[in-house]
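The chains carry the letters A, B, C and D, assigned in the order they are written, with residues numbered from 1 in each.
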Amino acid sequence: MSNNPEIVKESSMVMQKEMIANNYDQLTSTAETGRKVVSTFVPGNLNELIMCFGLLNNLPEINAIQNGMRKKSGAMIMDAERSGHSEDVCTYVKSDIGQMSKGNVAPNGKPMPPPDLLLLSYTGCFTFMKWFELLRHEYGCETVMLQVPYTGAGEITDNMRDYVVKQLKEDVIPALERVSGVKFDIDLLRENLRRSAEAEDNLVWVLESAKNIRSPIDAYFGGVYYIGPIFTAFRGTQDAVDYYRVLRSEIETRLAEQKGPVTPEGDMQEEKYRLVVEGPPNWTSFRDFWKMFYDEGAVIVASTYTKVGGVYDQGFRHDPDRPLESLAEYCLGCYTNRNLPNRVNMLVDYVNEYQADGLLINSIKSCNSFSAGQLMMMQQVEKRTGKPAGFIETDLVDPRYFSAANVKNRLESYFQMIEQKRSKTEAA
Amino acid sequence: MKCYIGIDLGSTTTKAVIMDEHGEALGHGITNSRSNYDTASRVAKMEAVISTRFTLFRHRLERVPELKGDISGLLADLERSFRLELFLEQLEDLHQTCSKNVDTVPGIDSSEAVHEALEEIFRNLAKTLEELFAPGAERKSDFFRDLAGSVYMQVSEDVARQTGLSYDPLLNIYDKSIIEVENRPPSANLDEKFLAALDRVTREKRIDEKLLRKPIEDALKEEIEECYTVGTGYGRVRLPFPKENIRSEILCHGLGAHLMYPGTRTVLDIGGQDTKGIQVDENGIVANFQMNDRCAAGCGRYLGYIADEMNMGLHELGPMAMKSTRTVRINSTCTVFAGAELRDRLSLGEKREDIIAGLHRAIILRSMSILSRSGGVSDEFTFTGGVAKNEAAVKELRKLVEENYGDITINIDPDSIYTGALGAAEFAKRSGIEKPLH
Amino acid sequence: MATEDIIERCTGLYEDLDFTAARQWKDGAPDRKVIGYMPIYVPEEIIHAAGMMPLGVVGGGDQMEVIHGDAYYQSYICRIPRSTIELGVTGKLDFLDGMLFPSICDVIRNLSGMWQLIRPDMYVQYFDVPQNFEDGVGGEYYVRELEHLRDGLAALAGRSISDDDINQSIAVYNERRRLVREIYKLRAETPWMVPTSEVYLLMRAGLVIPVEEHIQIMKEYLAAAPGEDRPLRDACRVVISGSFCEQPPLNLIKSIEMSGCYIVDDDYMLGNRWLLNDVATDGNPLEMLSDAFLHHSADTAAKYCARKEDVGQYLLQSVKDNNAEGVIFAAASFCDPALLERPMLADRMSEHGVPHISFKYAENSGQMQPIREQAGTFADTLKLWS
Amino acid sequence: MTITAGIDVGTGAIKAVLFESEGDDNKWLARRNFRVRQRDPLKLARTAFEEVLEEAGIAEDDVHYTATTGDGESIPFATGHFYSMTTHARGAIYLEPDARSVLDIGALHGRAIKIDGRGKVLTYRMTSQCASGSGQFLENIARYLGIAQSEIGPLSLQADDPENVSSICAVLAETDVINMVSRGITAPNILRGIHLSMAGRLAKLLRVVKAEDGVVFLSGGLALDEGLLAALNDSMEKMNLKIEAKNHPDSMFAGAIGAAVWGSYRYHKLLEQGVLAKAS
């Protein structure tokens, strides 16, 4: 995570780095190993199932993030726009398509193999559907659709669950069998799910450690690292179990030592503001963006972005006893598959339970799934918590939409407003 | 005298307010935000000092029994004459700069003819400017650039036609020179100009010079001591100030509006390239705010583009829109395309004033959305920023506020453009009294 | 009635942001209910069978001033949800007894939640549709969703809705579908006789009046249109694609025609043509509706296309059937489905040598100059060089 | 022999030309180019029309076809109107027979048009609404910096360390520039920065229309800006576009020329069809 030589790397960071490197190495050596690759999305990511077939899991969103953080996405997006993709649509898609046209080089510098199967888990985002149609347009490979109905009325109905399970049985599993040549073994799946649940327990503990005043973690900028393994190709692996065990013990130590969150410039000093953040971060200026917070003593104590690949802190666990049903429920329960009233409830609870000073929304141009309606959510959360909300706008991986001066101006005003309000409450 | 200064470095204009230790605003100054922010804040501050001097004159003159009752007129005359002195000096500077620049502008066949034309233009300019500063005359703007510029354009077009010179190089010379001139704050001694203005007024008005000279000289002797300065506004990061001397413009506008109207609960500020909706509590503390997003559509600059396009002064837009009888619906408030939209409409045969009225409504509609986003409009409602000077905008705003929020007191101060600077000055006073700057 | 009168009536309906016709219908009897729905498609038959009137809501167009709607949406989101919210917040939709938000994109999806937040007392449903087109999988899911919709509406109506009720409604809607097809066919054959600006208004009228009245209007139009004396102009034939949700301003449609293009097919207000054929009226109605949805429905970007080869075939077929010379991709700005799909469709057209251009619009676009410029150049090219 | 007039009503300038054609041979008789600068474009168009007639010594009644293009749709004395891309394409071929694509860079827009050897528009792409890379913007900035229009190019060529201008919106870009000036960035570097940002966008358009062969012909008001031309050739090279952009001293007239030439073609078409249109 940190490239800063003065900072001692925590062992969880080293572990994660190795896991990721290892995964990219496996992906880019399929020519030698003959392993097959499935591409799929973070929300509704069926890693446990994919593992049952010995397939490798490639997540284009993660590639886009990697390219964003390495400041390569800008050129890729422009490439895609040049080839006729609209400037209005999600930049993850364009970054992915641009990466392809630039030789499809993985972040480890080696060429990425074309996928053998596109597993279109249509969960919580419309763009996913067209994204994989576009990839199919380019690769011409097999595509299997898993439609995850939106929980428009706020709950998972039997019809939804049955529909997802049925698609798993009749379409997804047969496709995975076909591509891999491996027969489906439900016991293997149960085994994977058990490991998922174990890792999930520790992840939830870590995220909730931010309830402490003087939080030992930043649940957004740090949080995106903590969710890495569980949201991607590692859920259900022993590596993930180990990672979360180590991570938890590190945070336990920080807590005991009364330390604040780690930042790229060392431990954070004073905790001046506690915020809940809604919306994904900006990746192209991730460090600069983060710095605008820790320089001012702002800690993010809870965020919804860390729930896109699964909402675990509200009680859901993968369940080895109901393997396919629990996979279905996992998909149905992902953050962006929840209706707006539910998202508002979650945010209100976060502000209250984590004793936050307010809600900050980072509205992402790319992502209608997150962004459409955020302003109404903001109003509702303000009304129900009485805490002030802030609003900034950036984009995921399009550097043209990160205006540092603009964001900084708003954040400063927001922090000063919290400060002013607080000094008034103290005076009263 | 201990003074506290607030500077609002806006995207279009830079404003300064000088406050004394009792919280009375003594003077304010404004200037175009120009290429150099340092110069802009220096000029704004100088203007505020000038305005403070006039306040001090007033204080002194009020104590002259013989003058009873006639101070305001007298001060206005003094100020007018003083401005003219300043302008004439700048005009002279501009003249010399233009002459100097003749040879650096391409496309000139005979520099001699151009020099001659310039002489003619500046003769005319001096005359027109003096007329503009005659008692009772109306001015389009108080900025040298605007006044000199529009006269220059007119005169040079005539001169170009008469002499057969081409118009573009003349304009280019102006464009080039005005920047240089603007970036040179008036050099000569201000006190001298005050006294020269005094002479002119006493001559014009046949007032006994002796009555005035002493109080004015006394006022000029009073020291204006800069104790603490706070900067705000768009360009605040460029101010040569330490961080603790900088406040966000949201807080400053909130506080400034509260100082002007203590009952304020909602503030709308429309500046050059941002529009802010601010909710404040009974102490002027900001409870919530929203700004326009990254798109600068529908902000004050929009009106600037329109005025340029129509070859009018900003001052004239409002009155023209007030003449409208039916409003044309304008949907795009993109500043850049404002001109195109305008031409589009004109070519469809719509009337100018109706289009302009539509444009005003479009701006206000957009700020209504920002207000709605920030939590609506509560009583009392204060409208600040440059656009608050525009009567047509104000009219639309009143209408829409009433339609959407009912009966609400709407405050608009003639000096509302200084709201941010006033807030900043108050912050300066608070900080300065706590811990004076060394 | 002459077409002019018919179109005048339709224009009146189009401009009426208070939905007076629907309000009047509702006031006609004490227990009448009106259910709003958004693009693209809901099975109106079920609403009709409940004795209710479906009301199509497609935003506020270019005549509405949007204040609160803009407060709820960032600048990078299309217009239709903001003007729809404005309609809601300003009370123009207060007479509705329910709102349906069909699955089309994330914006409408999230709007369903916003509606629940601003109208907690109302019957608000997100109406999901299958993207899996197998009878046993997507079909089964869909039938159960239809049952859920039927039961919800029945509860709202305070009476049950029988299969017979629905079958009868299907018959009514079959007739509407036939007439719509006929008008489209007539326009494709003689576009100078049936300008698109008129067809558009006729179709728009169907959103806001009872279906029986719409049927009547269309019949009258079909009777009157051939009697009009309208000269054939030197224009080219184009298909419009990508305008299935947010609607362009009428001026835009007129500008396209004025700059020398005859529109011979389009996807404006596709809801009334979504099911391509008659739906059987003698079986289990929900299964029949499902069958029509899965196997005989129109195509748009909001639908998943299971096979690579099939992408764009629907549009290509329309170009062929209607003898079109080119395709204009006209999508709403920030419309994810349409804009994501467009490169694939454009490739398909190029493969088959169909010329195409593309531009974006908003329901309140005011500047037609760029549109005329593009459509005009397209028409110039097709004309000067063919 | 056919006499045709072409009038291009632009946002920044009005261009009028007069042609005499005989078969495929088009002879250029007269021209006018008026900057609009806050004057009424339609009146200026009339003046320009009258002046070209006067220069060529031709009476208005002897003109066979008066074709408008650009924003000239509503000009009352025109016989017909052609849309800009159609006319710029034709004008480009007239001035530069090797042109296979046109970049029309005007006050508020940029367009890339791919054409064939006969001047047929194959595909095109326009810059989107938010465009800091427009002529208007450059003009505003130049005025702001006190630089004459004609100096922009030469100054830009002197840049040694061009500044990055990234804002998409011209209003915000204006502020960026103000910031640059106060940071002491020199005018050449600022101008070059703007040129590069515009060029990047324009080259992107060329890529999208797949301009791959022949000459890229610059037309429109900014065609003669050498700084922009240089920046454009740089950008194209960076994007691996192996074609060269060129302008022509008469580049600004491309639209008007195209209109006049098409006017003559159309005149003969109409003559054949027996529907003779006449200027009113």
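Everything below uses one rule, namely that a residue touches a chain if its C-beta (ideal position, glycine included) is under 8 Å from a C-beta of that chain, and two chains touch if they have at least 3 such contacts.
All figures in this text were calculated on a predicted structure; none of them were measured in a lab.
Colleague: Sort out for me whether A-D or A-B is joined by the greater number of C-beta contact pairs.
Modeller: Per the contact counts, A-B leads.
Colleague: Which whole number of Å gives the spacing of the CA centres of subunit A and subunit D?
Modeller: From the centre of subunit A to the centre of subunit D is 48 Å.
Colleague: Averaged over CA atoms, how far is the centre of subunit A from the centre of subunit C? Could you give it in whole Å?
Modeller: Here the centre of subunit C sits 36 Å away from the centre of subunit A.
Colleague: For subunit C versus subunit D, what separation do you get between their C-alpha means, in angstrom?
Modeller: Averaging C-alpha atoms per chain gives centres 40 Å apart.
Colleague: Residues of subunit A that touch two or more other chains: which are they?
Modeller: 83-84, 375, 393, 403
Colleague: Counting only residues that touch at least two other chains, what does the list for subunit C look like?
Modeller: 71-72, 74, 369
Colleague: Where in subunit B do residues touch at least two different other chains?
Modeller: 234, 293-295, 337, 340, 373
Colleague: Can you tell me, using the touch rule above, whether these chains form a line, ring, star, complete graph or other shape?
Modeller: Its topology is that of a complete graph.
Colleague: Within their complex, state which residues of subunit C touch subunit D.
Modeller: Contacts found on subunit C: 259, 357, 369-370, 372-374, 376-377, 379-381, 384-385.
Colleague: In the complex formed with subunit B, which residues of subunit A make contact?
Modeller: 375, 379, 382, 388-389, 391, 393, 401, 403, 405-406, 409-410, 412-413, 416-417, 420-421, 424
Colleague: Can you check the complex and tell me which residues of subunit A touch subunit C?
Modeller: Subunit A reaches subunit C through residues 83-86, 88-90, 93, 120, 122, 125-127, 129-131, 133-134, 136-137, 140, 143, 145, 147, 149-150, 152-153, 157, 159, 162-163, 166-167, 170-171, 339-341, 343-344, 363, 365, 368-369, 371-376, 380, 393.
Colleague: Touching residues of subunit C toward subunit B in the complex: what are they?
Modeller: 62-63, 65-72, 74-75, 362, 364-369
Colleague: Would you tell me which residues of subunit C are touching subunit A in their complex?
Modeller: Residues in contact with subunit A: 71-74, 76-77, 81, 101, 103, 105-107, 109-114, 116-118, 125-128, 130-132, 134, 136-138, 140-141, 144-145, 148, 301-302, 304-306, 308, 311, 333-337, 339-344, 346-347, 360.
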